[in-house]
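Below you'll find a set of structures to go through.
Here come two complexes built around subunit A, the first alongside subunit B, the second alongside subunit C.
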Partner chain A sequence: MQKTRSLNEFLKNKASVMGLIIILLLVMTAALADYISPYDTDKVVLKEKLKPPSWQHPMGTDQLGRDVLSRIIYGTRTTFELSMLVVLFTSAFGVFIGIIAGYYRGIVDEILMRLIDVLLAFPSIILALVIIGAIGPGVFNTVLAISLVGWLFYARVARASTLSIREKEYVEGARAMGCSDAYICFFYVLPNCLPPIIVLMTLNLGSVILSIASLGYLGLGAQPPIPEWGTMLNDGKEYLRDCPWLSVFPGLMIMISVLAFNFIGDGLRDAIDPRQLVIK
Partner chain B sequence: MTKIRTTPIKSMLLIATIIACMLFSGCMAALGSSDQKLVVGEVWTMGSADPAMHNYELNNFLVAEGLTSISPDFKIVPCLADSWETVGSDSWRFHLNKNVEFHDGSKLTADDVVSSLERTMKMNPSVTGQLNIKKISKADDYTIDITTNTSDASLPARMAYGRASIYKINENSDGTISTPICTGPFKFVSYDKASDTLELAKNEKYRGGAPKLDSVTIRFGIGDANARQMAIESGEVDFTTEPPLGSTKSLQSNSNLNVTIHPLCQGYKLKFGDISKAPYDDVSVRRAIAYSVDRKSIADDILLGRGKASDGNALTPGLAWRNNDLKGYSYDTKKAKDLLSEAGWKDTDGDGILDKDGKPFKITLYTWPQRPALPSIAQAVQSQFKEIGIDADVRIMEWDAISDRADEWGMISVAGGDACMMIPDPSYYLEGQFLSSNDDYHYKNAKVDELILKARSTFDEDKRNDLYKQVQKIVYDEDCAQIPIAFHYLCVVTKKDVKGYVPNPAHHDYCISSGIYRE
Partner chain C sequence: MSLLSVEHLESQFVTEDGIVKAVDDVSFEIANNETLGLVGESGCGKTVLALSILRLLSENTKTRGIIRYRGRDLLQLSEDDLMAIRGREIAQIFQNPLSSLNPVLTVGFQISEPFMLHQGLKRKAARIKAVEMLERVRIPLPEERAREYPHEFSGGMRQRAMIAMGLACKPSLIIADEPTRGLDVTIQAQVVELMKELIKESCASMLIITHDLSLAAELCDKIAVMYSGEILEYAGIQDFFRKPAHPYSKCFLESLPARGMKPIRGISPSLIDPPPGCRFCPRCDHAREECKHVHPDLMKVKEGQYARCHIYA
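Take a look at the complex of A and B:
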């Protein structure tokens, strides 16, 4: 009953449905990259360099004669893989910390939350830059750096939910039946604090894509020749005035995917807002 | 709190004033362009005006001069010193030009030369190493004796090095100098650290005739190539260098601008991280790598006219000590593969990557982003390595971080802007790169050491050049100790009315010339 209501609510929102369609298309692109990309992404053909968009190369070629369309397609895969990884890492870790803090309260809560407050005081992208500076650029290091600064919000949201859930009668009941703390956290608290976490995850995907692209643009993310939108933007910067297609297409892709995730996130938030569930 | 009330009349007056100001400043700007002024947009930063640390910039912008200088055809010519001769095997005597005046009107004497060189060497240890001076003393008011650490034929060339320029000691109470007084065609006016801007004015009394420009403003630190392009297109600067690689054509078609490309004594090359360790300790592997690089296509398609493929020697064509008879390494993937398989590198598991004793040929190419062509060259080299079965990763990071990684297995750096004439003498580059006591790359060859040390103390120029030619033959042709890819050319963009610029390829990266004027 509740589920169908939420679903209807979500489908009524045109923007979020459009976002969902775009994301599905992008996910398919990423999955089928091997079949749909017309050229090899890192095949350097110097003679074909800096060709404007044409039928042969719908998005033109870059400074090393590589097909931009193929690199965009594979870039979708890189970006989605990395951002999903980051969001999975951060949400898992953040929720774990948040539930522990919220469930045990007291001194544990105090220590964890103050630590988070301290970390939140740093602008996240700057902190990521510092971490990358220390461990060196690269795909895995990008994921690590963004994850290390990205779990904070999950922890706060999970803690807030846990604080209210742990006072519920069913948790009281479970405790009376002798369930262990771990069991209660995992089977009672976790499922009930998931809705806001899911919304946060979708909204967060957009900003994670932006962070990955930013690091790539600064030359600290994926290293060439790995196709990644931010890195492509950085490569194209040198030719911005004369060969804008090198930067325009990756830029558009970043914009479209971030927008799409934000639309979905907004729609989800409206659809599964707990306040609306209570009213009925 | 009182409320400020604006009446309609007041606001109209205000608007009128603003418009008047704008018109006035517009007129001023129009007047300004006909003046003999030049604004330079510079790539690198300066940071302070103290000549001990920043003589180099002051020398490039014609404020400071050295005892000698380097002419565009690579000859050491008199500057503050009229002549020089050797006194014994490790000592030189310089005779000063007696008509040199500092910008403050005082005469240049031997005391100034001694004290400024001593001060520079004391405050800037890197210069001490480069000058190789043991003792410097005054013989009389216009004569200086310089003793070198070892017998050194290159001292006159070292005196042309920008960092060895002469200045007046006018220290502040904290021992720094903030208003350098030198002897060049332009006088120091001011340096603003916040905006990294240097202001110069014409030295009316310059002994070689006053320059045509009344003033020069150098805006340092416009590191971004696109920003420099925009600055020259919008008219914010009148002279700049190294716009984005892809922009040459559109700049050339701009009727307000003048684009010229000049050879420089710099180049792009591959340098092995540690040549004494596997896999590069095997000369066949190094040669195979040299054969696998398509220099022509890199020069034509990546440098886009801002460079020329190397013929196998990293030293710039035109230098008297350059060996022009090296055979070099052509682009020949078959030869490369053969050499590698002779060296034991074979693809035994069929994955397209060579391996030896179970170790795949996976290496890393390091390069840095400040020279815009480098990341592209690194990726082109990477794809050319793939052709011969070498799997290379590309890592782009800051230069300092790269030198820390030199001992990684299979490390190669893709170097650019590597100057062979920082000090206009063959010893500068060849000693720095190949003498085994300077073991940045762990290259060791007793024969090369012997030749280099012998050349250092050979005062006959022809014999000396010949020794250096032999060194080049060994390090490039025989040992393949580093792999030159291309020579770097400098792109200079000026406004159309900026005339009279004469490039000097011996300077790093460039210097302005006193003949520049506005038409």
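Take a look at the complex of A and C:
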């Protein structure tokens, strides 16, 4: 009942459905990149460099004569892989920390939350820059840097939900039944604090894509020749005046995917209304 | 020997306004196969008393005294030892069936939990047991119902599911806190009927906490009247209803709809700063001068009946 109602609510929201369709298309693009990409991403054809969009190269070619469309398609794969990885990492770790802080409260809670406050005091992209500056650029390091600051929000949301859930009578009931703390956290607290976390994950995917692209643009993310939207933007900026297609298409892709995730997130939030589910 | 004996139990919370003595020097015993009803008005400390027994109160509560269960003091046990007793030897059925089940797990799963936790059964075996339990508490189509979530159950069914969970491991003592709260009268009657049968079948002792005297009359062998954190009267059920000893018990009985629905004047005293003498004194029609200053002890009225009142000195 609850499930179908939420689903209907979600489907009624046109923007979210559109977002969902776009994301599904992008995911398919990423998955089928090997089959649909017209050219090799690394094939340098200097004779063909900086060609405007044409039937042969629908999005033109870059300064090395590589097909932009193919690079965009493979860039989708890079971006999605990285952002999913970051979101899975951060949500798992953040929720774990949040539940521990909320469940045990007291000194544990105090230490963890103050640590989070300290980390939140830095603008996240600056902190990521510092971390990358320390450990060097690269795909894996990008994931690490964004993850290190990304779990904070999950921890806060999970802690807030846990605080209200741990006072519920069914948790008291579980304790009266002889359940251990670990069991209660896993079977009682975790599933009950998931709805807001899921909404946060979808909304977060958008901003993580943006962070990855930003780091790429600054030359600290995926290193050439790995195709990545942010890196492509950076490559294109020198030719912005004469060859705008180098920057416009990756930029559009970033915008579309971030928007799509935000639409889905908004729709999910309205549909499952975490407040209603958490405080029942 | 009694199954559970509570001696001089005190539970206090520290608040900004002072120390709340929710349970103040309470002693009682429950023998094997006996059902004790703990009655009293809202806010007199009944629920805190129930939660103290299994040490389910939050950390800022101070509990003192002795709670002897089969010779072991529950207040001295380690958390691990206590975990083995909770649910297996002493089960608690909570008030408010509407919020005492986990909304995201199926009812079947929740009833199979005690089997997995305490009898080491695997999920499938526990599930079969859970369906049996649902059948025992008269839930139709238990097989299908076990797969449903709490929100798909009606209030009465949820309470029966709670009872099934409580009885799962055949505990020797069941603590039922307001087992009929939030249910309408017809469903209450069904639940009471069911509990009566199950008590008979399982030979368990029971502590029933309620403000509903008619429920106590149906189910209990003995009754303890609680007021402002202490026990004012302790009596067999027959004696209590025929001839209540304490003035408060008399007023309490007269406040029943069937007996005139006469309200008790005044309000119950603060648990932070109770009256120095008898706690019921400000509301009592029989109050004497000594009632205002001297705190009465629990005095013997006759065999098996005790009252905390200067009349019986």
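For this structure, a couple of remarks:
Just so it is clear, the second predicted complex is superposed on the first by the 273 of 280 C-alpha atoms of A that agree within 3 Å, B and C clash if a C-alpha of one lies under 4 Å from a C-alpha of the other, contacts with A are read in each partner's own complex, and residues count from 1 in each chain.
Going forward, a residue touches a chain if its C-beta (ideal position, glycine included) is under 8 Å from a C-beta of that chain, and two chains touch if they have at least 3 such contacts.
If you're wondering where the values come from, they're calculated on a predicted model, not measured in any experiment.
The superposed arrangement places subunit B and subunit C next to each other on subunit A without a clash.
In the superposed pair of complexes, A:Asp235 makes contact with subunit B only, with no contact to subunit C. In the superposed model, A:Gly219 makes contact with subunit B only, not with subunit C. Of the two partner chains placed around the shared chain by superposition, subunit C is the only one that A:Asn192 touches, whereas subunit B remains out of contact. In the superposed model, A:Leu64 makes contact with subunit B only, not with subunit C. When the shared chain is aligned, subunit C comes close enough to touch A:Arg175, but subunit B does not. Of the two partner chains, subunit B is the only one touched by A:Cys243; subunit C is not. Between subunit B and subunit C, the minimal CA-CA distance in the chain A superposition rounds to 44 Å. When both complexes are aligned on chain A by C-alpha atoms, no subunit A residue touches subunit B in the first and subunit C in the second.
The touching residues of subunit C, counted against subunit A in their complex, run 51, 54, 56, 59, 83-88, 91-92, 94-96, 99-105, 113-114, 117-118, 151-152, 162, 165. For subunit B in complex with subunit A, the touching residues are 225-226, 229, 244-247, 249-250, 294, 297-298, 300-302, 369, 372, 375-376, 378-380, 382-384, 393-397, 401. Interface residues of subunit A, counted against subunit B in their complex, comprise 42-44, 46-47, 49-50, 63-65, 136-138, 219, 223-225, 235, 237-243. Touching subunit C in their complex are the following residues of subunit A: 1-2, 106, 168-170, 172-180, 183, 187-188, 191-192, 194, 280.
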